[in-house]
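Following this line, the structures themselves.
You will see two complexes here that share chain A, one where it goes with chain B and one where it goes with chain C.
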Partner chain A sequence: MEHLRLIGKTYNDYCEIIDSYKADYKKTKAKAEKEIIKQKIKEKKNELKEYRKTLSKEEKEVYRDYQKIRFDIKRCEILKKADKIESKIFKKVNPAYIYMIPAAFGAIFFTILPAIFMVIGSFFKVDLVSIWESSFRGFWNYEMIFTRDTEFVKAIWNTIIFAFFTVFLLMIITLLMASWLSKNTKIHNLSQTMIFTPHIASMVSVSILWILMLDPQGIINQILSLLGIEGPNWLMNTKTSLLSVGFVTVWKSIGYYVLIIIAGLQSIPAYVYEAARLDKASKFTIFRKITVPLLSETLMFVFIMKFINSFKSFAAIDLMTQGGPRGSSMVLGYWIYNAGRVKFNYGFAMAGALILTIIVALFTVLANQVFKKKVE
Partner chain B sequence: MQNGKLNFTTDAYSAKQLEETKKYLFAVKVKKRIKYLLKIINYLLLIGVGLFFVYPFVWMASMSLRPLIEALSFDPGIIVKDPQWENYLYAWKQAKIAHYVGNSVKYSILVIGLQYFTIIPAAYGFATMEFKGKKFLWATKYLGMMLPAEATLIPIYFFYSKMGLVDTWGGLILPSLFSMFGIYMFMGAFRQIPKEIIESAKMDKAKNRTIMLKIMVPMIAPVMITHLLVTFISNWNEYYWVLVMTNSESMRTLPVALRGLLQVDEGVPEWNIVMAGTMIQLAPIMLIYIFASKQVKTAMVGSSNKNKNLKL
Partner chain C sequence: MATIELQNVVKIYGAKVKKNSKEIPKGKRAVDDVSFQIPSGSFTILVGPSGCGKTTLLRMIAGLEDITMGVVKIGEIDITNLEPGDRGIAMVFQNYALYPHMTVRENIEFGLVNARIPKFEIKERVSEALKIVGLEDYQERKPANLSGGQRQRVALARAISKTPQCFLMDEPLSNLDAKLRSEMRTELIQLHQKLMSTFIYVTHDQIEAMTMGDNIVVMNEGKIMQQGTPSEIHNDPNCVFVAKFIGDPGMNIIKVDEKYSIGFRPRDVQFDSEKNEKEDAVFVKTKILSFENHGSEFLYLVNFDTTTAFVKELSKHNRKVSSEISFSILKKDMYIFDENDNRVYDQEKIEEAYGTFKTHWENV
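Let's turn to the complex of A and B:
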């Protein structure tokens, strides 16, 4: 035992000498002296290495243990120092701010700054190369897009039509389907699972799929021809292109909203229904007078979510019609992408973006108000 | 009991009554049968409606295995006589899907690996700490909700191009690191933890860092798995953001690359190859969905359902 302890002692001695040299190295400022101390440290280290080589296998293990202990002590000292600094900082600054840096950065860089820049930029003719040479033009951007751009006004109407079409189609289908599917048998669950499938598939794959299905020779038209109807070229017809895309987005999201409504339905207590059944209310009356009012909070959520999402239907439009034919399926989101990212006309794009934002905000506030009244 | 005599006679066994009982029992039987039949029809309808949502994907798989001439006939059948597995090989090598799969994997892994370093502290701060400007920061949630991604795209692209972030991995994953969705989700979960636990830890002079990492994060492990699932699916499917913020082919992910397959100079695209590529894009998510459909459903529906009423 004694000679093992001796190993530790020699090791610690060497290390302490090296450390003291290192401290000296930090203190001295003359270059020549520094070199000398460096040499000394190297010598000591080499001595330590040679000492280690003389040890047997068992002794080497002990040596390693001592090394570990020394390392741990050093680490603890560093942690202590860090803690002291930390507490010094936190005495002056609320620690919350350090935790909030990411959230604040995200909010500033991806929400507030773009919003401000969008409002300001819409009044300028933005110069791409050097931003400081952009010139203030007042409402020139707005004037241009409303009078000269043939597709912009069309895009606004298309956006609103698209939103209303998809939202109302979805609301009716999902409400009916949810009340039909809201049971806990195996078949019902299987059906729910199947309906949910398109929601987790990417919009890209769903769009590609439906480009094929809606082809003039595609499956939809094959089924229609069995019934004796000649289907149009859904995506290339000015009358049907927008509604076709709308139908596809509804098809994709039915499962998601059905499950949300089912979750809402199952949170309605059963005794309400029992009481209604005792009063011999018909199924339709129960649905109208109990289910819908009690669901109104969930329905509002679905309504607003879908409404906002319907303004964001970029991927479907981009893949299926690209705004065509002749602007019949051009919506604001795609128009902004086209103006800003394809044609690099920042001023126009930002003016359009501001109008889109105003429309979305307006409809969201309106929907909130309407539903609040209903809930009360 | 009149006259001390009991009158036991009933007409229950009269011929007329017996016939009526028979009729009644028969009616009940028929009714039961009809109900049973209706139940079966209902179940068949349920499966039928379900198939309306699943069949297109199955058809897509069969399309991806057809030779080109057969694929162009858009035959609605599912069974392929002579499956062409070379389609996948062709898509993987000639159409460079391998490269884009690599990019997609890289993108998802980078986001999933890095996001928790920023999201968890922010959620912890929102849930347990008081500081100036908390309400203001919270209010930006509503601004962020109202601002459509299409509207903020141009300004952000402008910042990116000025800062040299376009076409870099850093720029691509940056917004996902500050996703409000994750912050709200974890904040809701942190709120659920009883305050007594945190207070007792504070009595023991535990630092915020230790409380967060050693006490609270292990307690919300299920929420973390949910969040992992949702972010993986949404990042794997991400289209719009990647399309806008990348210029070069080498940075694009799989969904954006599929768009390139659609755009051919002449004639029609090779649908069987396009379908094979799309199948490769769908495969990981569908596999997850087949093996853990319940978890995926509750993750995607539950997370949005819980977040809707979160208030400061």
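Let's turn to the complex of A and C:
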């Protein structure tokens, strides 16, 4: 034991000496003296190396241990210094601001500034090629899209219909599916996975798949014809095009929202259901009076998320109908894209985008109010 | 009012019961072939250590767990396969199980509305139940805005409002603090006297069992060890488990030889008595290992040959640790158990065990 401890002592002594030399080296300024000290350090290091070579295998292990401990102590000293500097900074600045920087960077440059640009731009006749040629027109853009553009007002109504249709269809389907799937067996877990897969798939592949299925001679119409029903040309019919696309987006997002609702269902404690069974409640009463009220916060989240998503839906429309036929499936998201990127009329697009923002905000606030009353 | 009768009740978790098949399902039995009667209007306590199956048994009576085998009857009616709501029982849960989104009044009303009781009667029953538990002023509050004791009272009121034949209570006081618990204990006893219906009360706390019940069922590992009044259970235990479980602390069990062991209560010793040949008693002289101060009495852990034992002295002065202590145990205070931990009643065998014990101790 004693001789093993001696190894540590010798090692530490050597290190102390080397460290003191190093400190001297930093202090001295004359070049000649520096060289001398450098030489001394080298000598001591060599001595330490020689000493190490004399050790046996077992002793070397002890030596390494001591080495590790010394490094660790040094590391802690450095960390302490860093902590001191950190606390000095944080005493003056609220750390929250520092942690916010990365997120704030993205938000400012990709959301807030473009939004301000959008608001300003909506009052100009914008020319993106030579931006200084743009001229201020006041409310001219708004006047134009409401009076001259045949499709804009229709797009607003379509968007609202689309949003309500998808949200309610989604909520009914997901709530039923979730209450069915909220069990922990192999079959239920497998079905959960299967229902979730469309959410992972890209919108493009899902859309192409459904275009083929919704074709007049597609699988859906073939099945319907077996039942003796003549299915319409789903995507090319002015009456069905919007709802068909809505159905596809609902189908794609079922898995994701089912998962959220299942999480909500599982947070309802089991004893509440046991108490309800003792209270003679039928299954339907339990669902209506216990499950839905206790789930209302989750349902509100699903409602608002899907609502906002439906308002800005674009990809599915672009891929499946391009707003047609005759503007029957034109929604605001696609109209804005069409006005800006296709017709290069950025003033119109910006005015439309601002109106979309206002509508989304209005509906979200309204939904929030309604749900808040119900939750309380 | 009705007696509750359990006949050969078995619970095996995860077992699938096929109707009309005589095959006996296999698996660990949480409740193992239990048969007993609960007299009408009694305050029956199911007591036992955690995991002994008492809560499972209660939940089977309530209908929240399937009964793997056996029959449960209330009165003459077989309720084995009835829905929980149709059994004429009400249950109070350990964690109250109130509906968090309903007010106190709605919580109580819910079961009554489902039972299709006319509105005027619901109103009367709710106010009646709230009056009994003393919560008339809290009707419109949500459970989140009530204290633990108040929530438990709401749960009680919900049970009372159903005017059930039988109240089932699953450790209803274990989430309350000590002072509130003893308050609620007396309230429950008074409630029982007022309503005169059958109470079945599950607890792991033997003090609760002794103080509240008039009929105690001691359970261990899914089996019933003993059923009787508190005094019977305390003064006449039929096995080592009951003897050790009931009492604070439980009975001291000392092994005499391979066949017998004897037990005595910590209170049943005579301190500082002289060795007396005439009396039928065993004289013990030993050392104190540690002590607990209970205020008016002291509990000493003393060395007892190869094991240890507790003795309780009613005194204001404590003896010092590791000092000598002498006491005698009267023969009539001793309980004799056989090698299977069952009580021995045979007089000859008692004499034999007592003799061995006495000669062993007089010679130490």
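For this structure, a couple of remarks:
The working rule: the second predicted complex is superposed on the first by the 275 of 376 C-alpha atoms of A that agree within 3 Å, B and C clash if a C-alpha of one lies under 4 Å from a C-alpha of the other, contacts with A are read in each partner's own complex, and residues count from 1 in each chain.
Basically, contacts are C-beta pairs under 8 Å (C-beta built on N, C-alpha and C of every residue); 3 or more make two chains touch, one makes a residue touch a chain.
On a predicted model such as this, the values are computed, not experimentally measured, just so you know.
Within the superposed three-chain model, A:25 lies out of touch with both chain B and chain C [touch as defined at top].
Touch counts on chain A: comparing chain C and chain B, the chain ahead is B. Judged by the touch definition given at the top, the superposed model places A:94 against chain B, while chain C stays out of reach.
In the superposition on chain A, A:192 makes contact with chain B only, while chain C stays out of contact range.
Once the two complexes are laid over each other on the shared chain, residue contacts for A:164 go to neither chain B nor chain C.
In the superposition on chain A, contact of A:294 is made with chain C only, not with chain B. Contacts of A:280 after superposition on the shared chain: chain C is touched, whereas chain B is not. Residues 62-64, 83-86, 89-91, 93, 95, 97-101, 110-111, 114-115 of chain C are the ones that touch chain A when the two sit in their complex. Within the complex, the chain A residues that touch chain C are 269, 271-272, 274-282, 285, 289-290, 293-294.
The touching residues of chain A, when paired with chain B in their complex, are 94-107, 109-115, 117-118, 121, 126, 131, 177, 181, 187-188, 190-205, 208-213, 215, 217-219, 222, 251, 254-256, 259-260, 263, 301, 305, 308, 311-312, 314-315, 318-319, 332-334, 336-337, 340-341, 346, 349-350, 353-354, 356-357, 360-361, 364.
Touching chain A in their complex are the following residues of chain B: 43, 46-47, 49-51, 53-54, 56-57, 59-60, 63, 73-74, 76, 118-119, 121-122, 124-126, 129-132, 134, 137, 140, 143-159, 162, 175, 177-180, 183, 208, 233, 236-237, 239-240, 243-244, 255, 258-259, 262, 271, 274-275, 278, 281-282, 285-286, 289, 293, 296-297, 300-302, 304-305, 308.
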